[in-house]
């Protein structure tokens, strides 16, 4: 087993890991404030990829006017649109369920997942449609010495890492972030201090959704855009979340990255286990540290 | 009283169904109805949301299929083998999952079920994507030919009734009462001296075993064990059935399974719109119809009595 | 889950008779019509190579046949098997039990093909598989009523692998679609490579409908193989070839061998990427005036040129109807016997014969994707290099492992 192979697969693993990290980060932010597991998080990732694809390839055909939304524009517009959907879901649906068992929030978002998946399965091939809008400037290849690595994939890794750590910095080290954390710790008290907690909740949900949408745009040029792309991912991300625990933002990011790497390396040493290794790690964590690696015992 | 009427209706409906409907389709409904009842025992009566019940439904199908096809087990023995397998599997899952509560419990069961799915995909004996094909229906007690679709139907209906009976007895036993006490208020049950974890685990195992019984029977009916049954979407469907019919009601899951099954069947020409419709029903149920069909009916009946 | 159920109520009488095999009278047609079922992947990885196009082809065949046989109507029904063998089998079961389907075709995806053929064997219904590749259909699991019409995994490597080994591609690494078809194609190709003095240095199984082949491709790259054999099909092949291009696999000196490539794949990759790719096919749409005329008609309805399996559906349905007409009944045994006697000649096949194991023996072609500069129109993509005669392409009856042959 040459070192080149290990490095190459590790880099590909990191490539997957940044998507795990972005999604589990979004889940953790939402969970922190709302105590809800957003099953539709995967569907929002899928939605992000589809909006980018439609904006690039189909809008012109559908509307009959000459319009095309390029990759860079998508990178900004798509998270906003997906975030807006998040606002609608939180305001009109989730909000009515806060009094009930949290299980209902999970079931509601599962229903939303089915709706979104079904809608896109009607119009698009379930095995994926390629996203042709990858910018020319990123279409090359970087020679890393041990392998040729597509420039775009490196770009996706770097952007995702920046977004993850910026989110962490914002929440842990800014004034607004500290208010958010106060809202998590004690909503009533925070409200008493004159902060608009319901608005904060809405915006947080929208932010988490937007993050998933952004991940979708970044993923579109790498993987084909498919109605099921989020469903396959979200279950792994659930396991990532159980392993990391919901204790900290950094925990979500680090466990996402680490598990992507581990999955990548498993492909080198024992490929058949690559799809299950994360779930087995989850079992181990449950046995020895039920609250997760970064989680706090409640 | 209401229960007795409903039971008679179910019995008559079940006995006469093959006269007016395609028997294989009704058998499919029966398997799902039993599956939903088993699931309801856990969510409706113990308050535990498992998102991984497809692992039992699908897992039992593989075991039953394998032992009848490769080892020549009789169908009854095959079904027992598959069910026995899920008894053990349920024990393992339960042991791991009840360490976490609420939504964590749901995520853990989902992730565990995903392991079973990938094992089913990769282990040689399951046939991977090909599935386990050509499972013989064989003969019951060595002389009743199950290839005859009416015989097969009444065999399946009998299994359904047995499974349903076990669940009914469990719910109405002291054990069932304790479960509901735990669901209502876990810390109170704990302070009353109940070993909450053991009760939960036992409920999980019973539920898993009966879900396995349903899956094992389905394998014999369709002569097939396939990945679809073990997929998480099947776990989602059984939740929907239970929710539509009425969570925590004895007959709700049966009504739910028939409703959802018949609906998907009638709408199948619309392709993926079925999924959109099911998703919408899910949302509607969660938002405004949390009692489900049977739950609403019972509420109306009870109000009249008052 | 219940998606595959197509039909609601059946009369009590019909139900009682379900238990018995549906026997047609020796003369005439059962339930007064001939019903053809097109069971295909309508939404997934193989949609573009068979899918809705197969329904178009079947309808064209019926239209060209005059819309009726022996004065009775011919009907087509279709459904999506979603690449799931259980859904395929239960759809077929209901078609046979309650809809009186007489023949089932398309059946792309070998897992589905095998499960439906197995069921149809019990139910005594003819299947004419145009889409699946596994030789198990006519070998280990052959059926007296199962016909394998367009290609199989024995025919594919004969031309392609032989040509590649001759050009110096001795060491092979396979990326295999992880189900019946991929395994069969990998094994058959491996046999050809070994018989030519080459060797197989490694293999990795990728799930059906994989989006990201990068880690498999890197394994193949580090194996030191000369040739990376793609034992997959449809969108999987397209994705693998495109990503190999992204990671500069070919530029680094390895060759890609698409063991099963369809014209729609070449079209969706574009000649810039596909040029020089050699593969085996049963049909080239612009081979002669006859194929051209039919394909143009097909293109007008469907919006894409026909793949070999779509053209195969047209031919299979046409010849099935001919056999029904000549036999004077749609009774399975009689029609199958007639199909075995006929010599098949139409725009798709010349001098084809259906062997006792169900394999339709016909010539195949080794083709190459043109350079972008050589292509004169959107669909002018392939050049025929050589013809592979039927007796080389298909397993001979002497070698056949099918229990019906010896």
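First chain written, first letter: the chains are A, B and C, and each begins at residue 1.
One rule holds for everything that comes next: contacts are C-beta pairs under 8 Å (C-beta built on N, C-alpha and C of every residue); 3 or more make two chains touch, one makes a residue touch a chain.
Computed from a prediction, not measured in an experiment: that's the story for all the values here.
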| Where are there more C-beta contacts: A-C or B-C? | B-C
| note | Per mean C-alpha coordinates, the chain lying farthest from chain A is C
| note | chain A to chain B, mean C-alpha position gap in Å, rounds to 32
| message | Please tell me the distance, in whole Å, between the geometric centres of chain A and chain C computed from their C-alpha atoms. | response | 39
| Approximate Å spacing (C-alpha centroids) for the pair chain B, chain C | 38
| remark: Check: chain C positions touching at least 2 other chains come out as 43
| Contacts with 2+ other chains: residues of chain A | 121
| Of all residues in chain B, the ones touching two or more other chains | 121, 271-272, 274
| field | chain B contact footprint on chain A (complex, rising order) | value | 36-37, 93, 96-97, 101-108, 110-119, 121-122, 231, 235-236, 238-239, 241-242, 272, 275-276, 279-280, 282-283, 286-287, 290
| said: For the complex, give me every residue of chain B touching chain C. | reply: 18-25, 28, 32, 121, 128-131, 133-134, 148-150, 222-224, 226-229, 233-234, 237, 260-262, 264-266, 268-269, 271-272, 274
| note | Listed in rising order, chain C residues that touch chain A in their complex are 43-45, 47-48, 204, 209, 211-212, 214-215, 218-219, 222, 234-235, 239, 242, 246-248, 252
| field | Residues on chain A engaged by chain C in the complex (per definition of touch) | value | 2, 4-5, 8-9, 12, 121, 125-128, 130, 141, 147-150, 222-224, 226, 229, 264, 267, 271
| query | Residues of chain B touching chain A in their complex? | reply | 47, 49, 96, 99-100, 102-104, 106-108, 110-112, 114-115, 118-119, 121-122, 232, 236, 239, 243, 271-283, 285-287, 290
